[in-house]
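Look at the two complexes coming up: chain A is in both, with chain B in one and chain C in the other.
This part shows the complex of A and B:
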């Protein structure tokens, strides 16, 4: 079993603490993505898991064994790096098999594993090539192959797709997902791309400034973000955040948009300033259902995406984005009305940014 | 059609450049040509400055090789230069790698300290070296000739700069693949800096092969002379046998040419290899 347990993990460089006690339990076979803006500590966490960075405090266990003081090679992990890190002076065959040199396997078994991995990753015709003769996607597959043949307890991926172009990235994303299903391995994957996180992960840990802000399934993060940071980070385009109030009568109102009034489903007390979160894809252009909140404004830009469009609008001094199914009638500078159903509302405390509970 | 028949015009700038380069080339090659030419002359013809000797002769070469001392000097030069070169390649690249790829307290200080040794001219060092050699009994030994050059600040500096260009991720990947730190240096990092290693090998071998001042000071026994020191013994107050000096010099260029030809190939191959972009 290859579960990973991280307890109170701290990293300090001199006097600067950059990880402030991270707790994370990853089940055997689970695909967990660490995501966050650059400098949030996600790569450092991964490198500590790999044994490439010293642990300043706390504990990491892999498969029930504390690995704090173990060398990377003794941790039974494999890692795929952002810049592939395949050895330029070896052939693809030797690159894939390199991690097996120290393994106690006979030659035929090693050869079998290398060829199997090459077959799975479509690299068989390229085995005798040098990395300089490969494309970016092929190089990354070689790096994945090198990780695969070692049959590790845990796979670590450090932004492996960020050097690839958009099309290739989508393709490799699928391959990584397929690989996970096929190998059933525990995977910890670091990325700054929330789309990658949402599409790949069983669970996502959203990190900011050395802390995990929220840990949950992609759906949980999307539907119940714990604060404005998570709310904005998850989803594309990101959630509209507008200043408003939650009045004592349970109505949510937006500053500068008097016609907007929507009942809040959660508990209410005295009137309080809030930040109102509206996801662009939960808003409708045109009149909505009865009880929906109306926002009238002016179209700024329309981005056509194919079967739908993104409408950038200005209303009551705020800038908003809404998704529209039919964009033909909308012209920049023209009037527009968007509506949001009561269920689409997310409320956050204005000061702390924490989410208010919904019932 | 007519365009195809047009000869490409050569820009006047190019003609000037080529002329200057050709002149430079001639200036560079002349000492070499004179050396060969003089080595083919008889003693009477030496001061006759024509390039092609009137009656070329190989007598000087025969005499040189008949003299057991020259062969001895040649071997001395070969042994000391080769050992020093191997030592420099090994130690300088190890130190350079450590300075480039390990984080430790005092790293910059150590690097600057090593770098600052480059500012001290050999002429200033020979006296301390000599005193040291005298007190440790290294005078008239191979070790005495070699020890100042076994690790060089220049080599450390050069190798550190090149190792800095090796991606850290490759080294991390090798750690995860289970290599020891020494093997990472040997199997992963070193093959990626072959151009620098080759350049360092050429510089070091040439520098030691032609070294004169220190070998002259540290050796007094004729059997331990290196080629340049030995050749200088052909010159005396009353008579300098230029034809023999030139013959010896001509023969002594052979190993340097071989080293250059061999390592130049590695420089080119290395550039091709490390041309891989991420």
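This part shows the complex of A and C:
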């Protein structure tokens, strides 16, 4: 049975509908990330789950119980906020304990839980400190601690790592992941950062303009994006999208790049205009294997990343990004040839952006 | 010459250039009169004669004067009554007004209008409110519901609170605005987190809102205390002949100072009382700042 079940969830502000009927089932112990650009409705969805926003339509059930009209405290959830929301005038101990204020536990039990949570989160030496004496990462751990002591059915995270610097964010990401494994808790996590989504999630829901574009494991989203939006959103740097055609003979061709011709592995019909997707990671500088599609152009910029490099190139009037070995001697303005293996191709209908099935 | 100064020295130079004007102003208009007053309080200056040094005679006279102790006590009654009542009312108004979206600006404006009105006009309107039937608004209302009339300004017991009421009312708008600003500065997520943790409205108020409002509260307590300790306009305009009657029941220290100076022309005695008021304000402000300063 699903721990969280969202059915046809709708949110309206006045006449403006900003969530258009979301369906999402989350299994017990699952880590689901809602990701998308700002304004896609991910935070609103989470806040409706928490009970901080009214539900305009549809149904939310937590642990098999419909919670549409229940106060947040009755929903058996805990939430971690982007700005931590820990109280500056309380010590760490009191902040963590605040989550237990209304719990029907005796004092000793509460104290035990607070100390347990602090132990797990490495906060034990800091229990008597005030938040102003803590670093950003420590504050976020206090916020997580406050959520943990309540032992909720579902943890909700609202962009919890966004206020941290890059290094700390990577570290906290690991801690959240570790915590999930340790507690086996059900987690719904909102972020706009696709790297965070890919690294943390069991399943990702990619949202845009109040709809879930695709729901799946990180690998599924990376390997089989259902449309150009998902294809570009997942993966860094973004997938190259180039206009081309899928000919009746099953060959994929690119506009303005006559030497590129690669057989398509999926079903073909009459010739049709398509958008061709090529991930920078799957393109190689050099001649490549026989049968690979060749693109020749001019190097614009080379970004060295240490053990490899990103090549920004211009070819046939298109701008592309490709990965290159650092050893390749590439100079801006010089010629470059990149190749893509047939299996690396993604095809999308030109008009709708929907993916064409691969076999 | 200037070019050889370090950046720090240049900054200091310009800081002092710009500070010079307010520094001169404060010395001439604030500090000099304060120190001069301390000197005058040791003389018998009557405006018509040259001041003559008489030592602590003014202070001796003052501490032996029952009227001085009466007005001294009155002044603290204004403070002890006015401060908690005004803060309680203004906080309650601000707390609920903060949740009102409908005509929020207009309502806030209405609360603020009395603050902009001259105290004299307001005092006379309130004086009229307190008249007996059939003129006074309050007594009309009381008799309309069958309650006995009240003497208000003519009673030694009721006069002081009656004079205080318009003072509280006039300052309410200012306090409400400051409280609203303080309430707005508390991040919404604190309340959302508390809702998720399921704590009640009372706990939120006592454990989250009020502690986070401490700087605002401190500011208002200091400003309002000074205001109540210096109450004058309302008393002067609401009591017969501006004497703070009946039987000095409403007379505050500032009115007593005014009478000594501009009715009795005893400048030395007036400044001696002023020095006492000054010291009281100073001590109260320092104590409040100490007590409420966050550790």
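By our rule, the second predicted complex is superposed on the first by the 355 of 359 C-alpha atoms of A that agree within 3 Å, B and C clash if a C-alpha of one lies under 4 Å from a C-alpha of the other, contacts with A are read in each partner's own complex, and residues count from 1 in each chain.
Methods note: a contact is a pair of C-beta atoms (placed from the backbone, for glycine too) under 8 Å apart; a residue touches a chain by one contact, two chains touch by 3 or more.
The model shown is predicted, which means the values in this text are computed figures rather than measured ones.
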| item | value |
| --- | --- |
| Clash-or-fit label for the pair chain B, chain C on chain A | clash |
| Touched partner set for A:72, first chain B, second chain C, both or neither | both |
| Touching partner for A:312 - first (chain B), second (chain C), both, neither | neither |
| Which of chain B and chain C A:132 touches, first, second, both or neither | first |
| Overlapping contact positions on chain A, where the chain C interface meets the chain B interface | 50-52, 71-73, 77-79, 81-83, 85, 87-89, 98-99, 101-102, 146 |
| Parts of chain A lying in touch with chain B, wherever the complex brings them together | 47, 50-52, 71-73, 77-79, 81-89, 98-99, 101-103, 131-132, 146, 163 |
| Residues on chain B engaged by chain A in the complex (per definition of touch) | 167, 169-170, 172-179, 188, 191-192, 273-276, 278 |
| Chain C - residues contacting chain A, complex | 187, 189-190, 192-200, 203, 207-208, 211-212, 214, 294 |
| Residues of chain A touching chain C in the complex | 50-52, 71-74, 77-79, 81-83, 85, 87-89, 98-99, 101-102, 146, 150 |
